[in-house]
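In the two assemblies presented below, chain A is common to both, partnered first by chain B and then by chain C.
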Partner chain A sequence: MALLQLLLNGIIAGSIYALIAASFSLIFNIVKFMDLSPGATFVVAAFSAYSFHILLSIPFILAILLALVVTVITALLINLLVYKPLRKRGADPFTLLLSSFGVFLTVTGIILLIFGAEIHTFGLPIAKGYDLFGAIITPLQVWLVIISVLLFVVLFFFMKTTKLGKAMRAVADEKQVAATLGINVEKTTTKTFVISAILAGIAGILVGLEQNIEHNMGFAVILKGITASVVGGIGNVSAALLGGFLIGIVENVGIWYLPSGYKDGIAFVILILFLLLRPQGILGTRTREETSG
Partner chain B sequence: MALEAYIIHILIIIGIYVILALSLDLAIGYTGLLNIGHVAFYAVGAYTSALLALNFGTPFLISFLAGGIIAGIFSLVVAIPALKLRGDYLAVATLGLAIIVENILKNWTSLTRGPLGLPGIPKPTIFGITLTGITYLALVIVVGVVTYYLLRYLIKTPFGRILQAIREDELVAKSLGKNVTKYKTQALLISAFFAGLAGSLYAHYITFIDPTSFSILESVLIISMIVVGGIATLKGAIIGAIILILLPEALRFLPLPSSMIGALRQIIYAVLLVVLLIKRPQGLLGKKTEGVVTT
Partner chain C sequence: MDKSAKWVLSIVVLLLIVVGLFVAFSPSPEGKETRPIKLGAIMPLSGDAAAYGIPIQQATDLAIKEINAAGGVDGRMIKVVYENGACAGKEATSAAQKLINVDKIKVILGGLCSGETLGAAPVAEENKVILFSPGSGSPDITKSGDYIFRNFPSDATSGGKVAQAAIDNGHKKVAIIAEQTEYAQAVKEVFKTTFEAAGGEILTDESYASDSSDFRTQLTKMKATNPDGLYVLSQTPAKYGLVLKQISELGMNQQIYSNEFSAAEDILKDYKEEIEGAIYAEPSFDDKAPKAKELLDKILAEHGELSGALPPVYFATAYDAVYLLKDALVECGEDTDCIKKFLYGVTDRAGTAGMLTIDENGDASFSYVLRTIKDGKAMDV
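Here is the complex of A and B:
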């Protein structure tokens, strides 16, 4: 029935929001500001994959890898040219947030200049969907959900077991202490931007393959990623998965009750409610000084 | 004559943005309320004024003031998160709020006609004179000058000094027995009122409004204006508005398709904002301080 279809649509959308939320959370944890640039790297990845595969006819897997390389280079340049000088000066989180908005608009502006405002598509053959008690899910959508969940498993073990993951958590907890223990904070920060960009980039490519691509596809996605992150528990990477699925499901099932035009508004109402009533999110523990003073 | 009309048009647009930038500077610059959703007040003012004029034929002065008042009342809704949240949490909440407002304008079709917009908003008539061109410019200048002097007076009063104390250190203001919540609400209310007036001026000048005129990009533009001019300097807000409206106008004379001009405008605004934040966070006129706002 239709409600099950909406639920499925919610899970599919949610797995994208979860990836963006993880991308956002990593930077929030380690660099301590709300970064909108995952919205930009998301778009860069989708358009690079499209350019390499469709415009330059490079084989699919190679095109995806090249697209991720372009995405990572973009993130490194953003960090080097904008965030690093600002961090050096000790800029406050609002200045960083505002500059990330500028970065986002610059990147999407450049993409608009190159590719125009029209919608582009990979034009993949439409595979026959699986019938799940009357709801339809395409093989690509199944892959999308699987890849997203798998990435979370990898990310979870990466943060828990690898040296870099541990360094990232140390810097997130206490920068000064991490530095005295011999962790190179600047290098760890740079690597965080790389991992964050890969997550956002994969999300962008998945959305590009599954739907269409256009220059302004990143804005709603980053805002919903932030919402998912706040709802799950900001800064908690595993909570991003929970928050992502929750936002995806609520906004899709919500249009069962509301006109579909309100779909985008639903997520932000939830965002504001959570910021007011439970700023630490579902899984978070309360840290007072961060939210109210 | 076409050139004269064009110059008058640019001056009117500059005037409307001067009012927007001045009003936002009261919230961000003087009170430290990091409001990214200022465009929502602008939109509420524009729609209120236009709907009153279209549906009830109210005289301009009444719909104009109603635009400001309803935007002010709406700010009380925003005040709820504004009072509880600090710093970048407030920034994200106001960003969300602006998107909700845009969403409602697009979807409440029985009231706003949604994406079709509201055409045929009457040009204002004051004392039997219909204002167009140069007379409209005069109206915008009068409102702009009043806004400037009122805000300049306000920030010098004890009320204004308390706002700045809240910006510098909320805890100190609180410990001196100041009702921080009340002052923040009032600052936001005044800021929203003037943004609402600017919305009304825009609606009755262009005579057509639709949700795309009030996208979140407008908020970024207004914030850029006060950052360019120097945060917490009223003269800076004026200079910022002039620079940011004039700068992309030069693009108009390049032989480029309009879609590319739109992209270039966006890039110019965004790059300018980022470069200024890095190189000169205090803006062109601002005094030297750390960062944009101390939170």
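Here is the complex of A and C:
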């Protein structure tokens, strides 16, 4: 059954897009610029997991945890060394966007220096997939989708119920008011970077396990992640999930009808359509700033 | 900056200028040119394709080391200036411009990927600079210019040979997946034309971008057409492996037709079951011939391994190309019109890759052979 297989392919790809989109969305909410550093933490996580598990033969689960620790440290360093000083000087969003692009290129370059340009694999055995009414999905792909959806459930309740989640939403809404209410804006920002890095990091590790890793794997992910977060409605966690799955499914079902060379094009056509017709995304609502500007 | 620091800096700058002028204008001792001859080189040194740019660099460096140890070109050493072509036309064009305009280089080795050679060719042609590729197979290079040469066969024969093999095996319905690169697309076109002319039917013709690693939907489309065989053409062994993996995961078990990457060490090792029985064409190369064996042993001794991503013929063509260019430089100096004539005159020149004859298009005339993988080893069909 080809259509079912296409949907599955879309959902698998979409799970990754969704995680990255959430990573972008969370940071955007707080810092109000399109920070590209999730592209960097994505790559760092994948290569750390590879180093710990394959090169240093550390047991799988422990290697993944260590990789996430390295990823979080990377995110903290990026925030501390680049964004914090820039924020202090009152840098505008464009400067911050450019500097985040610099961060992404630097991290990619460091990975290239250490690991070289060749492709690395986790060398997992090639699994025979489960047959779902004629569509095939491998056990790892099932895990990939489950982990992604579970993370979203956790994230959703985290944002709604925990103190930090509420603080993040308050800072996202209005920094000054949040500060007068006694919320430490700087600390909340740092914590947001950490959570965002963990999401991007998990996506990086999942892609590494399912496909392979190379130093420049972050770029395509940035494009798809941003597209998914804009289409879903930037700044909203559930919207990122929706945007991710939408992009994944539309591009995979789309090339059933169109030549496969258009695959990336499809995602960007959707992005352009949304920017023109519904810039706030599927779930987004227009803010006062946008309507008046 | 305080005053003394300014003084020190000015003196350093002044010294540098004086030394620079001195070096630039000092006559060589016997009035004979002793400065090194610069040889440009364009190959992929980043990205997936670096997996074969770097081994080619090893073969090139080995040849240069030997040539310089034996006295270079009339006492002048050869110095290679490497530029990263990144396996892409755009990067290769800038690389060629830099080598020609900034380094004033007259002879360039490369590119390796066909996209690089095609990208650099117009720049080289316009500036009358020799561009000599040791590894580009695209049929389009044949007509890319008078100063453009290669000692690697055009892949036109590869596509055609494999298409004929599919027909001979009774596989009349084939689905194609090819990477979106000059090389893969050009060879695929030859396959398609030959296959259809021989009465075969192409059920679907899919492609994927070089930076993507999810081909499941393209493969789903191919699977749905119920083909007898699959023609898979990737630009790099790494992507080829990933395509093989996803073919297997989707439960497709048709006969695979492909190119020489089927016999790359990494593929034979990591995709043992998936590659078994694959039929492909590769440049005829005898790695047991004395000269070839000697070269491969030297590289093995120096680097501990033959890079797993490449069939060994690429080492041989790169190594031979450097020696050929050296002979051209001995004969002509840096007079590129003379070098051009010299290269068109190459007939039955013995090298590590076999006998080389360059035809009137600057192409090498050596052939492809059909091979298959049996019990994890490459052998003739």
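The rule is simple: the second predicted complex is superposed on the first by the 287 of 293 C-alpha atoms of A that agree within 3 Å, B and C clash if a C-alpha of one lies under 4 Å from a C-alpha of the other, contacts with A are read in each partner's own complex, and residues count from 1 in each chain.
The rule is simple: a residue touches a chain if its C-beta (ideal position, glycine included) is under 8 Å from a C-beta of that chain, and two chains touch if they have at least 3 such contacts.
Quantities reported herein were computed from a predicted structural model and do not represent experimental measurements.
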Based on the superposed arrangement around chain A, label chain B with chain C as either clash or fit. clash
Name the contact category of A:G102: first (chain B only), second (chain C only), both, or neither. first
Touch test for A:N252: chain B only (first), chain C only (second), both, or neither? second
Which of chain B and chain C A:Q211 touches, first, second, both or neither: second
Now for A:G261: first (chain B), second (chain C), both, or neither, which partner does it touch? both
May I ask you to decide whether A:N9 touches chain B, chain C, both, or neither, giving the answer as first, second, both or neither? second
Look at A:T138 in the shared chain and tell me whether it touches chain B only, chain C only, both, or neither; answer first, second, both or neither. second
Identify the partner contact of A:K128: answer first if only chain B is touched, second if only chain C is, both if each is, neither if none is. second
Please indicate which partner A:A117 is in contact with in the superposed arrangement: first for chain B, second for chain C, both, or neither. both
Chain touching more of chain A, residue-wise (chain B, chain C): B
Shared chain A surface residues [contacts with chain B and with chain C]: 112, 116-117, 219, 259, 261, 264
Quick one: which bits of chain A touch chain C in the complex? Just the residue numbers, please. 2, 5-6, 9-10, 12-13, 112, 116-119, 121, 123, 126-129, 131, 136, 138, 207, 211-212, 214, 216-217, 219-220, 252, 255-256, 259-261, 263-264
What part of chain B is in contact with chain A in the complex they form? 34, 36, 80-81, 84-89, 91-93, 95-97, 99-100, 103-104, 106-107, 114, 170-171, 216-217, 220, 223, 227, 259-260, 262-264, 266-267, 269-271, 273-274, 277-278, 281, 290-295
Residue numbers on chain A that touch chain B, as the complex places them: 33-34, 82, 85-86, 89-95, 97-99, 101-106, 108-110, 112-113, 116-117, 219, 223, 226-227, 230, 259, 261-262, 264-265, 268-269, 271-272, 275-276, 279, 290-293
For a test of understanding, state which residues of chain C touch chain A in their complex under the given definition. 45-48, 50-51, 54, 180, 206-209, 211-214, 216-218, 220-221, 223-224, 238, 242, 245, 248-251, 270-271, 273-274, 309
